[in-house]
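I've put the structures underneath this note.
First chain A sits with chain B, and in the next complex the same chain sits with chain C.
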Partner chain A sequence: MTTATETTGGKISLLRVLGPGHVWGLGVGIVLVGEYMGWNFSVGKGGMIAALIACWVAGLLYTCVAMIDSEVTSTVAAAGGQYAQAKHIVGPLMAFNVGLFLVFAYTMLEAANAWTLGFLVQTVSGMMGVTGPDGAAVTLFDKPFIVLTIIFLAWLNYRGVHTSLTFNMVITAIAFIAIIVLFLAVQPWSNDVLKHAELMDGKDGLLPYGWLGVIASLHFGLWYYLGIEGTTQAAEEVRSPARSLPLGTMTGMITLLLAATMTWYICAGLMPWEYLGTAATPMFDAARLTGSTPLMVLLFIGTVFATLASANGCINDASRAWFSMGRDRYLPEWFGAVHPVYRTPYRAIVFLVPLAVIFACYVPLDQIITFSILSGLLGYTFMAFNVIMFRNKWPLGSISRGYVHPLHPLPALVLLLLCATTYFAVFLGYGAQLLAMMVFYIVASLWFHFHRYKYVRRGDQFTMQWPRPLGH
Partner chain B sequence: MNSTVYLVAALGCATLVWLTVRDGTRIRSSRRALFNHAQGVVENPAISFGADGFPRLRGLYKCHEVIADLIPDTLTIRRLPQLWLSVTFLERMPDLTAFALLVRHTGTEFYALTHTFEERLEPPVGFPSEIVIRGASQAAQTVLNALEKPLLAILADPRVKEIAVTPKGLRIVRQAAEGRRGEHLLLRQAIFDATSVPAAELASVLTHLAVIHSEIQKQKIAQAA
Partner chain C sequence: MTNFEMLEYGAWGLSGILGLWMLFDMIRTDRSYSEDLLTSSREGEIEDKIGGVQ
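Let's turn to the complex of A and B:
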């Protein structure tokens, strides 16, 4: 850990600055919410063992994503993730779609976070035995908390409000520590608390739907890692050594893989798969089953903080993607405005609030998560095609690359295969949502092609001075 | 039991509010001091503050009116927030055809002037490859070519983001600081470690602007002759 000085009202104080070794941990913090909710729906699709296999297979999918993304991001100096990559390598229609994938993946994740928070408040109020003036038990209604959460975080983003640094650190630390404490509290070295043998007895306990269930559970297996590729940033305006890009993502993924396995191990030993597969807050439920009040409080706070941190990041990222599309005229330019005082993309922030509120208030959690996963999955599918086009148009040696991923095209082909399998998995349980999403993107693409494209400044799209691609 | 929970929750909330207020005050006061060292570079310095607490410095440099702003940029996707130092030389040059050049352009540079010009200009040989240059008309290409040498010298500094040459004045936008990675990844906060803009840094930018200005004047005299 290094130290730096910061002037605070004339007094020089020492500030502890996080070193590179801690950065990956912090990056994981915002994705950590996947351990607190959502992943367990994979248990419902295929049973305990299927969920574990799905978790590891999804890890392989994200390894391919990390390798591919690192090569392209280290080359496109303009950074901006998949959106900028699509502009440079494929074209405006693809960039428009990738921008929408990002916006919807993040907005649906924000809605899922708010939903979980509302549900948790409702559950805890019921547990606390609050009574009304007439002496009857009162349970707090979740909807106001959902709406308040989204509006409060949107307001913070609109104003660009500075939240406490200490608060930020506390949030992540608690979310991390809560999982570890729970793991130790259930004494994984003995069978006193965890009852894996009883709960996973026979075929019903292991693979109730056979191998088809394993494929079906892959759908929610993605939830453990969704967005991890976004936590590794192109380091700075003045470019940094690109080696840190794959390293940061891979170390983050290993952390998540370990945390996911720990989470699975705890929950699989405490709850029958039929319950776990439908639970809204599996980690909090696991803490309840231990019977320890302090543990329950810790997991309650951990879930609240993890969902708040994640939702805040989602509002930030979704609004910036929407803003970028406005600036590029893929959407009306009106969305590309910056607040004159707060210097935030205020119109994009406000515009996306009702969307998040409607989904969080009126759509079940598993469906909200499905919409988020589907948008992410479409983005990953794009990445597989994108890297193949990238290597074909600009072969190795034709442009400077910060990082060259090994074994090309194997990672792209594995990624495509895993994406295709996951589409099938989604179709098995959520066929209507899959079709609705596809129809939405097709209609949006038609609108862009026949109406919006004429407003796009085509010359401005390509900002890299790369040589003319092969075959053009 | 319930009263204990309520008490702990209230204490927790109060602590968080206190931490937020304390850290917010610290950050605002550190922002206000950013031009404390650099203000000596200009004559008659006057510092004012924006709603975000970042200062604006006005003053005179070699008899030219100058404005220096610090602009926080959080409109980045998969990049860390940036703090830009924007230095403007207010100097009327009505005959000049405007142009601006932007390095590592992403499309989200709300503070840049380059996007406001319609015509795309060709970068002279030796300019960085990741650059976009636009002008008010194609006549700006002549001005650009004439200023090739001083512009190239400025662009040798990889922290320079934009150079604008307009009839109202000259401007250089340069990276002053970059947001901390941990805070940005966690809750998308833009926290900059910069304690103050070094006087040498502001002086260097002003010298560059003065060189561009004198080069423009030389070209004018040459054309008139």
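Let's turn to the complex of A and C:
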């Protein structure tokens, strides 16, 4: 890793040291934990088949997201990702909101990951059969491990992007391989281990809540892929953004589609939907049900690595978004600082640590996940409008694009339709939280419009060397 | 003290050390460099136009 202080003309910037593999590790690393936990709540909402439909419908949604994002970000290569896109294509108020969506989607996901790791440590300690003086079973307290996870990964991110994302790439690859090994170990070509026919027998096993359950399951179906769009946050730190970002994002999406389908197939063949719909760590449970100790160890390691990779990537992305907003004075400029040795947005990294710790330690997991999902969903809704405006203002041929997504505007329209359906799904289960979050973002928007915007460097915030948009 | 308690204290301790290290380094960096230099980063631009689709 390069840690020397390299300043150009008295300026310090983020370090361009990443390749497509890091981008893949960042995108898949953030998401893969969704295969290890979280996605299965969609089973509880609508049953096994509903969860499979949700897996593929959400896969379609995210394929649209990945295609749209790859095109736009290959032209707006700036830290902050969708925030920088919104700033250039839509306007400051949209950009402020998108920045907040990003920060909360990733910070809440980080908190959920730390919570899971704490839970896992506690569960494994309980399996060791240790008893106290009164003969009662003793387990480890989860809070120290939740806090350690967040602070250790923040420290790693603070020390440099190359080390933290190389770490991410390696542990993500191991976690993905663990899913493949489990898939092969349960012999998907036979009925010896997997019992799909027995577990999905009759209406209760298939669609216990009918088609309304299918819509409701979309809420947690997003968990299979939530965060793949985070690859764009690395735009100022990859050596070749126009090539690396689309490549890393699209290969990441293919990886996740494979992993999501394998995950559903394994778990649906091993656990009844009533249990699977509430399990905290379904893949680890699946390994336990095989009765194989090596598989249990491997899936325990896979779960730990997946949660670590996700939390690590989330710290990277949330801090870049927060840093970018500070750099443009959408937030206090103090947050826009780069460490002169490690070349990381160190103040943004440190500032977001307490927020993640508080949510991980004191807020229920399903509410943290819903906060993350809703923030992500608001961002995806923006992306559909954003790409339509982008193509209208700067048609093909007017500016250089590293990637052009096919069938425009079909992916944007499909994305909008799926987002609308998912809002309804969230409303069915978490209507009050949905409304509370909307109020929060409206109040934050009012604060930005009436108070904060006067501090923004209006001329300096548009950095892309683009021609005037069509019609202006 | 049981092994579990030692592990828990160890996790708290390591968290404290890493957290304090970051805070200490942040304060030291803020004092060693001017604010103008630390906040001098500007939004990036695409550097590799080769292979771009026009």
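Convention: the second predicted complex is superposed on the first by the 384 of 472 C-alpha atoms of A that agree within 3 Å, B and C clash if a C-alpha of one lies under 4 Å from a C-alpha of the other, contacts with A are read in each partner's own complex, and residues count from 1 in each chain.
Convention: contacts are C-beta pairs under 8 Å (C-beta built on N, C-alpha and C of every residue); 3 or more make two chains touch, one makes a residue touch a chain.
What you see is a predicted model, and the numbers here were worked out from it, not measured in a lab.
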Partner chain in contact with A:346 - chain B first, chain C second, else both or neither: second
Chain B versus chain C as contact partner of A:433, first or second or both or neither: neither
Which of chain B and chain C A:73 touches, first, second, both or neither: first
Touching partner for A:320 - first (chain B), second (chain C), both, neither: first
Chain B versus chain C as contact partner of A:154, first or second or both or neither: second
Touched partner set for A:84, first chain B, second chain C, both or neither: both
First (chain B), second (chain C), both or neither touched by A:338: both
Partner chain in contact with A:459 - chain B first, chain C second, else both or neither: first
Residues of chain A at both interfaces, chain B in one complex, chain C in the other: 7, 10, 77-80, 84, 130, 235-236, 324, 327-328, 338, 341, 460, 463-465
Residues of chain A touching chain B in the complex: 4-10, 17-18, 22-23, 26-27, 29-30, 73, 77-81, 83-84, 128-130, 157, 160, 162-169, 171-172, 230-238, 297, 309, 312-313, 316-317, 320-321, 323-324, 327-328, 338, 341-345, 459-460, 463-465
Contact set on chain B toward chain A in their complex: 2, 5, 16, 19-20, 22-27, 29-30, 33, 50-52, 71-80, 82, 104-108, 110, 120, 129-132, 158-159, 161, 175, 178, 180-191, 193, 195-196
Footprint of chain A on chain C - complex, ascending: 2-4, 7-9, 11-12, 14-15, 18-19, 21-23, 25-26, 29, 33, 35, 37-49, 51-54
Interfacial residue positions of chain A with respect to chain C in the complex: 7, 10-14, 16, 74-75, 77-80, 84, 125, 130, 138-141, 144-145, 147-148, 151-152, 154-155, 158, 235-236, 240-243, 324, 327-328, 333-334, 336-341, 346-347, 349-350, 353, 396-397, 400-404, 460-461, 463-465
